[in-house]
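Naming follows writing order (A, B, C, D, E, F, G, H, I and J), and every chain is counted from residue 1.
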């Protein structure tokens, strides 16, 4: 599948080990002490693995640390390259559409609450949760970033 | 400013009244019993105003219901038009970048938690919260949508 | 042909088996109890195969379930990637043109019939039918999706 | 709202009369003996009005035939201009997404059923229907076009 | 050369045989009873070969019918993919420029001559002719398509 | 309608006079001794009017030569600006599609017939003809341009 | 000139006052205690004016504070809109080209010096200096931003 | 990772040697007597290596001069190809955003300081520095280019 | 005509005066002691007028210096904005095509003749000449720019 | 390097022979009796080699005519494909920028000198010259094309 060409070389190895051991991102995330989205980002080459991540991944996936260290996992990720924008994948498009429809509404509310600045996407964390009620299943995504006011210069 | 050309005709009137009465979106949201982002979306023409919204907006903004009803506020919004993608505004770009960087990580985690489907951006709500800790101010955005599995046909 | 590079790895295997056994999508669809368009979407990697689909495909195509399960057919499809938009293929362009020409007319009629919302493309089914009359052959495509009203928040 | 700049000059007049008389497209469509989508297309300048359409629109909207004839309604429509592609409006995007996801599946099924050719988008009709069942409301769109085989030359 | 990547697999085989036998499209077109442009379109994978075309091509090119049938030549062509638009090739750009410069002039004249509709590009034939006069060589391209009036619905 | 913004200022005046006098391009073309497409191109500002064209247009349209000379009609046309590419108008798109589908086939045939060069779109003429047979109406477009071989340097 | 349409309404007033009083950005920057680039950004609507900025601008430009406060100067800037990318202006293009040519070299050096993160463009300042040596005039631009390491989550 | 496809063939060899010898760009830059950014640009194929650069790189990396000379390192670089614009990488995007937000402010200040012209990106040098204060780490980038006034002709 | 919207405000005034006085660019260029292309660039707002240019233009065009100085003619031009790229105008497209077809050939020859660098487009002049021989009229464009070698840093 | 994928197969062979024999384009051009730019265009597959070119290239490069004839060198070039527009390479961008900045100025001057038409890029030659004066090195590019007036039809 085409996305593979846009991923770093370690991605197929990681996904194959995960599939073979029948592991969920939830299990791997617990083993690494990280959020599931962060772990999936590691698999897609969108985050840097620390030495502890390598040690833990080695244990949970059954791949030697040496082999993991030979990949680009501990290098500096070249982020964003696996995506074409606008996204064609319906699930990802819905997230894009939220930005497209509510972008200026978020800005208006955030400027009012915080002043002139931005929410950092770097000093930042995110998680996905599943909620169930009588109407069915709900997906809840939380984005939490440091507020950065514009410097005066 | 250029965004005005992409907004429906009622937007300047609403923003002017809000400025004159020195109202925050928080105050207006309380008067309408709605979230701040939803209210800002009403101001930008990205959501439809219900008759109660009109009644409440009339009171809080001091514009007659008749005048509000003459605008396109109660019509069917033509959503998304006020945005160019990718967004040039740094605040909005950061949200876009989150989708660009973590889009496939979200998909991987959501497919694993829910199966094959999407998080609805229509049966959906969102809010912005401000948190303060010893490291400073944090912006927290919550996205919550109904999970829709693909129909089998 | 170039589209092959945009398809998942199982696609050539499936098309080859279909050709060798000289099967139509109609026949395969009957074997799977699904619509022809859904089956073609499986072949192009645009839909997820259930375990029963795998069992039935195995029988009708003469490929072992094990071999089918080794492919990405039961994984989470990365939808939309096989298409460039606007489509260059004349047959597909005509569908695109219908959206381009009648998009706002559909919206106006649907808003009036249903209120503010969208027709889901996920809780959704579609089929193609052939009709013949004295003027010749007609192609009839039916799109049927759940109506989703915008949440109030 | 921005779409107005992309519409022919008669559109605001027609929508205003429709709103003032509180008419639905259903009512107007019955008065014209045409489909609702076709009537909405007339309002958006995406279809040509025949002399009978003018006569009927005059009656139902209360605008003189003379005034209607002075507009571009009876001229040759410059179709497609009111849309940006990909569409930003969520309702219209869902239709675009169906083409994006199922385009090649439709082609595969249609080639098999009809041979090498296309479904005409000109010798063509379409309608929108509302269906209700225990799961809620469903929107059904039918596209019906003449099959055109490629000429041999 | 890059265009090869956008062509179906049979194209290089066909061009190689044509070159080896030192055949012109004119000769091959006579052998197939078709227009030269149609034959070139077969070579570029932009048209479907009929069984007679296969038989005739086999004879004239010295490739067995079996080998030709193994290719995608008798499958459903995925048209348009070999081109980037706007075309960079100067010869092809000139044709594009004619559409760009005279597109609305053609439309105005055609609407006046035929009414509201289009010239079909499917029920369609085309040819290229060479004319010589005292001013030099002239290239004459003829496009001839069925007129399709818009359906009333 | 939006195309008006992309046309030179004289266009609405010319179209209005043509409509008021109920003249066809055929009639005007005869009065000018030119092809209908060339006359329509004059109306859309895609061709330069000669002094005789001005004289003849003045007579046939009933506009004084002085008034015509005050416009940009006798200036140097800024060609191509009235079109967006790819064209959204279905009639014009069909012409674009012909270039997209047959572009390389034309090139192959033309190179074979003429050598390395292009068909000029400047030393060029074109016309539209209507043909009727038992299958209905056909539109025939002829493009005729000087062959220009690449200079050797 | 076209850029005016992309600027907020106060920009022409500010530039006119600056021209009339024959003030340089250097003088105004000294009056505001800010960098020249920051002041120019205020003029182009790319930065927010503080109450002191308004007071100082009022004095130096001779426009009353009340008039300045009526503009969008103290509102939340909608940044980035005045630019098309890639920039067509040769001076601005050179800056764009530096990012294009050295972007990954900067990244490699910065990752090595600081680890995984980014240089903030918000907690950020910049200045332009003129240097003269025997080879002529040199322009020196300094960009200084807070280093933000990626959060671990 | 995808960027590799856009780099010249020597890049992987250089990065591998650097990694194996555990060398920083700082160390290599000292060995070459050049800036770190210039050295990283050499590694990415964005700068031409002089004979002394080859000699020094050979020593510091432990690759023979002959082997280095066989690569394209001493050829004419095809600059800019390794980047897509706008950049998706967050670190590089921040630099792009600075140009997008402050481009016209830089121009206004530079025109005032120097007159009509540009800062050269060719007769140009740049460096990255790390600064630490009580607020943390800061990244300082300096761009220094010859001022080129427009020729009068 | 649309280009007017992309030109500075003085352009129509200049062209009108030129037309009224029936002056050629050749005449105006002689009056200013500049090249015709430079003068046309002044008319299109692509170059800055010096005080002597203003004095000379005032005389030759019969517009007072005061009126000329009130325009943006003596300001800093915002170059490049009047063009869409790729150009649609056939005359301008031919120049673009020359860059497209011969760009890398120019680069190869220039690198060989001069080393690693660029031909400046700022320290630059250009002219257009007309030549006539037995084959007809020829247009000769000369581009002459300072060679700028890349700095070593 | 990426451009190789966009070049015809003979290009690497030609460049390798040129490098091995240490030949300049100047030398090869003399051997072929052609301009250096034309020869570089042959190397990049942007021009067709005549039989004499093949004979001369064979001699000067030491490659047999047979081997050269097996390549696409004597076929019909697929021009323009090796370039992305706008060009990212700074040297080529400067040429593009000249068209962008002076395009309409060239058109105005050329229309005045020649009337309504274009300068041919086919009946065309070009050369690069090096000039040295006290200010340094200058690059002079000459473009010379046949003037083609628009046909009247």
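Note that a residue touches a chain if its C-beta (ideal position, glycine included) is under 8 Å from a C-beta of that chain, and two chains touch if they have at least 3 such contacts.
What you see is a predicted model; the values in this text were computed from it and never measured.
Participant: Hop distance check: chain F to chain G, minimum number of steps through touching chains?
Facilitator: Graph distance in the chain contact network comes out at 2.
Participant: If you average the Cα atoms of chain B and of chain I to get two centres, how far apart are those centres in Å?
Facilitator: Roughly 48 Å, centre to centre.
Participant: Round to the nearest whole Å and give the separation of the Cα centres of chain A and chain C.
Facilitator: About 29 Å, centre to centre.
Participant: So how far apart, in whole Å, are chain B and chain H when each is placed at the average of its C-alpha atoms?
Facilitator: Once rounded, the distance between the two centres reads 41 Å.
Participant: Calculate how many whole Å lie between the centre of chain E and the centre of chain F, each centre taken as the average of the chain's C-alpha atoms.
Facilitator: Roughly 24 Å separates the two chain centres.
Participant: Return the residues of chain C touching two or more other chains; collapse runs of consecutive numbers into ranges.
Facilitator: Only 3, 37-38, 79-80, 83, 86-90, 97, 100-101, 107-108, 111, 117-118, 120-122, 124, 126 qualify.
Participant: Please list, in label order, each pair of chains that touches.
Facilitator: So the chains that touch one another pair up as A-B, A-C, A-D, A-G, A-H, B-C, B-D, B-G, B-H, C-D, C-E, C-F, D-E, D-F, E-F, E-I, E-J, F-I, F-J, G-H, G-I, G-J, H-I, H-J, I-J.
Participant: Residues of chain F touching chain I in their complex?
Facilitator: 5-9, 45, 72, 78-81, 83, 121-122
Participant: Which positions of chain G touch chain A when the two form their complex?
Facilitator: 34-35, 37-38, 47-48, 50, 76-77, 107-108, 111, 116-118, 120, 122-127, 148-153
Participant: Can you list the residues on chain D that touch chain B in the complex?
Facilitator: For this pair, the touching residues of chain D are 1-3, 87-90.
Participant: Once bound in the complex, which stretches of chain A touch chain B?
Facilitator: 3, 24-26, 36-38, 40-41, 43-44, 46, 79-80, 82-83, 85-87, 89-92, 94-114, 117-121, 124, 126, 128, 130-131, 135-147
Participant: Going by the contact rule at the top, pick out the chain B residues touching chain H in the complex.
Facilitator: Of all residues in chain B, those touching chain H are 86, 88, 90, 93, 97, 100-101.
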